[in-house]
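Both complexes shown next keep subunit A, but they swap its partner, so subunit B is in the first and subunit C is in the second.
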Partner chain A sequence: MSPVQKPADSDVYVRAVRLTKWYGKVTALSDLSLHLEPGIWGLLGPNGSGKTTFLSLVAGQLKPSLGEVQVAGERPFANPNVLRRIGLCPEADALYDELTGLELVSALAELSGYPRAQARERAAQALDEFGLTSAMERKSGGYSRGMRQRVKLAQAIVHDPDVLLLDEPLTGTDPTSRAVILESVKRRASEGAIVLFSTHVLPEIEALTDRVLLIARGQLVAKGEVHEIRELLEEHPHHVRVECDRPRELAAALMQVAGIVGVHFPGDSAAVFQTRDPDATYAAVCRVAVEGAFDVHSLTSPDASLEALFHYLVERSAHMAGTGSDAAVGSALPSPFAGAAKTSAAAGESSAP
Partner chain B sequence: MTAPDVPSFPTSVLAVARLSGLRLMRGKKLRLAVVATLLVLFAVVASRYLGDGVDPAVATREGTEWGFFRLLLFLVPFLFNSGAIAEEVEARTFSLLAARPVSRPAIVFGKLMAGAAFSLLVIVPGLLLLHVACFATEPSAMFEQFPGTLRVIGAATLLTLFYSTVCAFWGALLPEAAGIVSALYLSVVEFCFAWTPGFFRFISMNYLAQQIAGFPKRGFLLDSIPDLSAPIAIGVLVSATVLFAALGALVVGLSEYRFASA
Partner chain C sequence: MPIRDLGYRPYEGERLPPSHNMAVLLRHGLRRAWGSWLVKIAAFLGWVPTVVALALLGLRYVMEQRGAQVGALDAGQALHTLTLFQLWPFITMVTLGAGAGVISRDLTHRAFQFYFSKPVTPTQYLVGRTSAVAIWCFFLIWLPSLITVVVLVGTAPAELRLERLGLMLPATLDAALIAAVCATASVGISSLSRSRAFSMSAWLVLLFVPHVLAQIVFAVGDWPWLRLASIPALLSIVGEALYRIEPDSALRWYHALPVLAGVMAGAITLAMNRLRHTQVIS
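The block that comes next holds the complex of A and B.
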């Protein structure tokens, strides 16, 4: 693609005010308020947390049930004036399989307002940007998952959007493709676009940006920087479950290990340790098991993923809301995000429900 | 900001129609429609030439009435239009279109334009071929009877446009059941009501199209059916087409189609 120079003081922004969306009795997004300026924003959350719903609302494909969302001051739902500034790479692996990559992206570029010849030229450039030059004349039905993903990205950027909404864009891509995709995303952000990049894998975000939005159970539970999430992960006590023949004896031997802050016994043959240093705990379990001749059946960490952190944050924010402390002024965020909340509040919006 | 301006409504409609047309051209539906038409043509021509002293005008009229107005005119628009919106919604490709700066009505009309054009591309040459094939041995009669066939083609065109909008409308309203609902509507309201007595028959646009084409009345209690002039029948058919097209555009314009799940 030809370089796109957007002004540094681009007027584009995404603003959500008490944004709520439900499907029947299911609340997909609840009371979400935020304000996004140009740059890359990681949208982080477990599957089913409401990321796709949020992106669909910003992309103008869904109407809010309550509250509102604005892109550059206008509501996006079925609004061509806003949609011309938005590029969407949907999560669904859905392309027109009977068309070639070039035909597909050209047709969608035409729908974005380019004359036919220019649309074809831009489509070729966009596909080339994602390394699909040699495959662009083949029908997309024969593409691999990674190639299909790149076609979706090409159609999302073909009209140089100011707001780029990427829903799990790295799914099914190989490392080379990932590098190409991430490079393209960074370049667009540096040119003044807002890039919302949804994923449930923290390292994907870390490779791109240090600004993240954490969504869980339809709520924005945190808005801040990646290192703050890392700190939360370290602060958050991990659980290590050991199934063995004498769990209470094992627990007694392990309670002296630094980092272990608690233990409970869900049955006669298991012990669950709470620890702030999982690596040291794993090593200690192995050492004590050998020394004490314990018959260990399994050693697992049920909450080693971000999922546990999301639950932790949701529970913690709910608890803080219940105490009437920070929550009373709309900051139910965990402490590392308090600063971000204050910053956001100063900008005239609430960072968390 | 380098994104182009919002395309005009006609430009959007044409762009959607071109995209849909390209897809129809590559898909199996076109082949299926052509095969069905050829089978009907084969059957009519066979009955014309294998029967004893069959009048070519009668063969043409019967073939047109039964083969086209009571079969292909249901099948072909159904094939091209019932999935126009519904298949995109079900396959989740509709989000690719809905994310573009074109109005939802433009998407509907573009798809309708493509589906109706492909339907007519099959139906009209089919009717012409039937006429030529049935009168092949009587060239002078072929020319004499041609105005009548043109009238039939006009009626078939109006009915094709109507069925295209009906199928697209039901597909937009109930994408998960587009085929069955469209088929039910066509078979019950359009086919069955075309045989009913009295004013009920006017509910069927198929019957109105047959009157425009100049076919004789068939069915029960023929005396109870009031006469309807061709201009009025044309007016009703066109109005119904516009109504269903507008309803389709309204439905798509207001629908979210569950682009995301919780």
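The block that comes next holds the complex of A and C.
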């Protein structure tokens, strides 16, 4: 048996071309095309949107029904050359209860090609990285949910993968563990790995990366940096909330500002402006506040967050599903193959599992 | 604390080729098999027939030394009988505990999402898993046979010693055949369902029901051909041929071997089909 070297990292990318997967009559993923380069990508979407199916396709655990997915130029399904470059932390809570964390991770490291001694050493390091130093010799049947999650993470990184696929990796973890996990993910991405991070905890993905993939109803709804996606959604005005002493007077003074298309008053001390030009609106609010001697308490943009974007895009996807406008919207926007900075938006009519 | 401060460095050494995976899965499978209480019971109680056989041989030897009249010992028949005593209770227990639930257990534990996200092929997985069961079965038959042959040689007159030593070859072949057939068939059966209870029950039914029916039919109607449906009967027929024992029916080893080969081929096909079409859905 001649040993083989780990492939170079420089050629790592994930590419999907019209990737489609269905289970019987249920379409889990439909016509998804994208190109991912190294870095952290937040994979967002409601339950049943196709996130896990997408990760499983990239991990080579599912065979596409149509289209193809490539990792570093090769199809991952049943392809050992690619699989040794992929680390998967699955969502399902599944470990052998009779094995210790160290035994399980060592065995899986060996299956990635490490000699026995190195596999054990690396497994210990990986478990140590996730704070399981004192528990690694205990049988995993006695682990808490958070500990089991960290064992799954350890086996995902134990072989230094170029592509790290994390399906809800923060489930069941405490704040300290979350910080450790996020630190590890950041470090691996900084070393040139592609990290696909699926989660429902939006503030944490926001702290981790500003590059997101949003999947809804089995289709890629958006891809790119959060603010760029936000800017593309021009038909959906930004909201600027101003809390001050005389909100109605402030609104009257601002209604002539270009870009502002509406205003409403959620209370006696706040006005929420709808604008297509948030920068001009911020400047105008400041100018008018000074000129009119308004007592401004706060100036915020409630829908600039990832969470707001997430909800908006998912609602938009649901609204457009089956309207026949999907193709038009998808083609009018930049191609997802144009790179990480580009964004796309589309809505699907297929149903999720 | 950043991991680099803990001494971590990316591994830049050699990595073994995927063919190494079979050995890893075999080792893992041996340990997992030992985790089954059925295997543990078989491993301990499996020595009882050997101890009894050795006691009988010792008694016979003492009687011979004291000049008592004892009949000639058919060493081949003794070994074959011992093998059957090992096969029925203990190989059944090992295959039930370690073989007949192995794939269904991995399916219910969702273990494939770990195995098949590593560079493990279905063939490597199947060979690793089946080999672990086969090794347990082999040693559970071969070791008692080996010890018995040693005692048979030690207690034999000088002119018979070489002949009795020659029994190691059929004993080894018989143990290997039983291990290969029982391990392959039980692992194949385990791929039938996600339910361990179902696959283990199916294995028990496959082992016992055709055999009981065949024995009844043979006893009542003197028609031996239904034995072709019984795996233990087929193994026994081949074992008799290996030990050069006169068969009690028209069935011969050349009838039994093709059927056993078919059983193995069918089990492998069944399991491979299941594994190749298994798409891991979390």
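Keep this in mind: the second predicted complex is superposed on the first by the 217 of 353 C-alpha atoms of A that agree within 3 Å, B and C clash if a C-alpha of one lies under 4 Å from a C-alpha of the other, contacts with A are read in each partner's own complex, and residues count from 1 in each chain.
Following the convention adopted for this analysis, a contact is a pair of C-beta atoms (placed from the backbone, for glycine too) under 8 Å apart; a residue touches a chain by one contact, two chains touch by 3 or more.
Because the structure is predicted, anything quoted here is derived from the model rather than measured.
> Using the superposition on subunit A, tell me whether subunit B and subunit C clash or fit.
Once both complexes are aligned on subunit A, subunit B and subunit C clash.
> Between subunit B (first) and subunit C (second), which, if any, makes contact with A:Asp162: first, second, both or neither?
In the superposed model, A:Asp162 contacts subunit B only, not subunit C.
> Where does A:Glu183 make contact in the superposed view: on subunit B (first), on subunit C (second), on both, or on neither?
The second partner, subunit C, only.
> Is A:Glu206 touching the first partner subunit B, the second partner subunit C, both, or neither of them?
In the superposition, A:Glu206 touches no partner, neither subunit B nor subunit C.
> Scan A:Asp277 for contacts with subunit B and subunit C and give back first, second, both or neither.
Touch status of A:Asp277: no partner.
> Pick one for A:Gly50: touches subunit B only (first), subunit C only (second), both, or neither.
The first partner, subunit B, only.
> Is A:Val26 touching anything from subunit B or subunit C once the two structures are fitted on A? First, second, both or neither.
In the superposition, A:Val26 contacts subunit B only.
> Now for A:Asp128: first (subunit B), second (subunit C), both, or neither, which partner does it touch?
Touch partner of A:Asp128: subunit C, not subunit B.
> Where does A:Gly218 make contact in the superposed view: on subunit B (first), on subunit C (second), on both, or on neither?
first
> Show which residues of subunit A both subunit B and subunit C reach, each in its own complex.
Common to the two interfaces on subunit A: residues 4, 6, 23, 52, 56, 59-63, 78, 80-81, 83-84, 86-88, 90, 92, 94-96, 98, 107-108, 110-114, 155, 159-160.
> Would you pull the subunit B residues touching subunit A in the complex into a rising list?
For this pair, the touching residues of subunit B are 1-7, 11-12, 15-16, 18-19, 22-23, 26-27, 91-93, 95-104, 253, 256-262.
> Which stretch or stretches of subunit C touch subunit A in the complex?
Answer in residue numbers: 2-4, 6-8, 10-21, 24-25, 28, 32, 35, 109-122, 279-282.
> Which residues of subunit A touch subunit B in the complex?
Touching subunit B from subunit A are residues 4, 6-7, 10, 12, 23, 26-28, 48, 50, 52-53, 55-56, 59-63, 78, 80-81, 83-88, 90, 92, 94-96, 98-99, 103, 107-108, 110-114, 155, 159-162, 218.
> Inside the complex, what are the residues of subunit A that reach subunit C?
Of all residues in subunit A, those touching subunit C are 1-6, 23, 52, 56, 59-63, 78, 80-81, 83-84, 86-88, 90-92, 94-96, 98, 107-108, 110-115, 118, 122, 125, 128-129, 155, 159-160, 167, 183-184, 187, 191.
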